[in-house]
């Protein structure tokens, strides 16, 4: 009998101390993975640092007054972010107002057995495909198809309800409200996918128990399943909000880049990312710095929203 | 409880032949929880030693210390001394990978790699530096595990395509291909049907000509069929209320089953264990 | 559980009456109507959700396909036309999209896979792997335009020029979290028993991971890579100030390069009909590319070993 590797005379310590290439490779491999794991965190710090360092002149010049100023004047080098902050938040909230009921409705439909599974699964798949369509394509679709389609309707709303400040201007071809509707379409798949997961993963006993009490399907959904899946749904809404806040292309193409706050939703407006996309190419000096300052604000906004989403979603996973 | 060290030394003195693994006053902890307490136990060369006892008695935990598998569990800690051929297994100079090349292991559930039958065996040999004729080694190992005749025509098929019993014998073949000194078996038949179990028990009789075998089983008949020596472990509630395992009795298998010295052993082997 | 009609239930002392008429009937018709209305509403939701997708696909085919067929194969072989000139194609943009995505993958795949190996194989829930999970989640929420600004601040400023490399770096920031997550999922799908088996035969972690665990997790990792590529192929914002655009073929990785997505943006907002048409054609190609890759990703997952 020939032993393939170990001569029996060699003690464990001797063979442990002897040079052994696989052992060295293994150590290198381990430290390489550690290095790259730390690197992921470092990239995050690096991103923040590179934003901060370029934004610094603007931060030093305008301080926190930047957040409340409506001026954007490259000639006099005076900048503020209020119209963009307002536009970013308001367009995202309007998008949520439309996307949340719609998305939760679809999620309920896809998690219940209204139709056989072999029909529901393709529908869920097709809706996931919506998420794969690039935002620049949504933007183009908005310009050429959606806005021309929705404009007469908005004109009607303006004619009938023009006394309400939100609808007080005639609908412009580039405006906040239509942009928000396109954003709503874009974040729909996020809300549907995560809400559906949270509804499907509910324990079957919940449903059986409610049915056992004589509740109808819809009483079960409204009073048992939706409350039980609520944290997952809220998490999905927060993630969708994060996406809407940071969305660039659709906003840049549709919102109209007006550097002032207008209460009317039918008027042109601006968002942080749209402003950056539109102005970065020609900007230099303090203007570029001010754009990075805006980016920093966006980063902080999305960071807060995403972390909240994280906390909420992880809580729903623990319950599961 | 009598002084454990005196009692265990007396038992270990009755073990004949070369000692491969020596277990001296070993306690095993998971964090602050003590899983095994003060075990003295010697494993003789080219014999089959069975660990029996109720679940939670620490028999698997102890087994996993012999090839430092507990290293993988965060917070696991071994006190006392385990020596292999006179070398402390937990000496900081010892590389655990080196330990596992000499002390192989067969697990509770068959775990072939998602590779061909041939590569399942060749992989272990290759990473351990085997330079000889691989075809010959594969055949020899499969014959050694009494699997050759069943698989010789389908060596290229996936190891996962075999039946449970065949998979377990493939795992044994994989282990003997790296020529360890000791083979640890952690309830190797618990996931298998009676016929496969019988084949593996037969195999152990052949294997002990070349290897030292330590087997954990909760099947007492199995221990009585395959083992030369048997160690009976029991669990007891400790001071803090949590249960810990300890060695009750270790002796020749006939003595454990026919003339146990401890009442607890008597109760367990006669099925009166509550 | 509160039913809207509960309050109107009459007091009844006779327990045997509970199962009779009034209690049941009066409630049921209202409850049934409510159910019917709600079922109708969610079906309407599904219809509304599917409508934009149908419209987008229809318009892409209508506007994009006609241009593709009419100018086949010159759309694929020619350069973008100047304003007010007819014809032309976007061969440089196709090359650019492939190149930037490739560079993004070359950076993010090794980093993502090795990071996942750390968190699953070595870290196993320790402080560093929790930290990595947190960072991955934060990173996946970073707006894509900020990834672009980061690559601008780091690569463009350093190299002194817009380039395919800068574009690739920006995309890699967006791809890495996707790859880390799917690779983690794949590694976790491998049963504990297999890892024990590897330890049992004296394999080092490196030997076990490279020979057994990674090959078994490969379908998952391939899924992650294709999903990440699908995302990168459509991204525009990170490329605006990194890859920029180029009317011509880029002669090296160190100069501005056209990509399909930036071409769509530039030409969709341009006032020229020919450029608008090219934008639709490019959009059709990008969407077809992404949908193919997404469907491919799904079929890869179904080939998993465990």
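Here are a few things to note about the model shown:
Every chain is named by a letter (A, B and C) in the order it is written, and numbering of its residues begins at 1.
Please note the rule applied: contacts are C-beta pairs under 8 Å (C-beta built on N, C-alpha and C of every residue); 3 or more make two chains touch, one makes a residue touch a chain.
Everything numeric here is computed off the predicted structure, so don't read it as measured data.
By C-beta pair count, the most extensively touching chains are A-C. Chain centres were defined as the mean of their Cα atoms; on that basis the chain farthest from chain A turns out to be B. Think of the whole protein's Cα atoms as having one middle point; the chain whose own Cα middle lies nearest to it is C.
Chain B and chain C have CA centres that are 49 Å apart. If you average the Cα atoms of chain A and of chain C, the two centres end up 12 Å apart. Our note on geometry: chain A versus chain B, Cα centroid distance of 53 Å, whole angstroms. Residues of chain A found to touch two or more other chains are 22-23, 26.
Chain contacts: chain C has residues 204, 207 touching two or more partner chains. Multi-chain contact residues of chain B (touching two or more other chains): 97-98, 101, 127-128, 178. Remark: chain A residues 22-23, 25-26, 29-30, 32-34, 36-41, 43-44, 46-47, 50-51, 53-54, 101-103, 105-106, 108-110, 114, 123, 126-130, 132-141, 143-146, 185, 188, 192, 210, 213, 215-219, 221-224, 239, 242, 245-249, 252-253, 273, 276-277, 280-281, 292, 295, 298-299, 302-303, 305-307, 309-310 touch chain C in the complex.
Touching chain A in their complex are the following residues of chain B: 84-87, 89, 91, 93-95, 97-99, 101-102, 125, 127-132, 137, 177-179, 181, 210. Residues of chain B touching chain C in their complex: 67, 69, 72, 74, 97-98, 100-101, 104-107, 109-115, 123-124, 127-128, 160, 171, 174-175, 178. Every residue of chain A that touches chain B in the complex is listed here, in rising order: 1-6, 8, 11-13, 15-17, 20, 22-23, 26.
By the touch rule above, chain C contacts chain A in their complex via residues 1-3, 31-32, 34-35, 38-39, 41-46, 48-50, 52-53, 55-56, 59-60, 63, 110-111, 114-115, 117-119, 121-123, 128-129, 131-132, 134-139, 141-147, 149-150, 153-154, 173, 176, 180, 204-207, 209, 230-231, 233-237, 240-241, 261, 264-265, 268-269, 276, 279-280, 283, 286-287, 290-291, 294.
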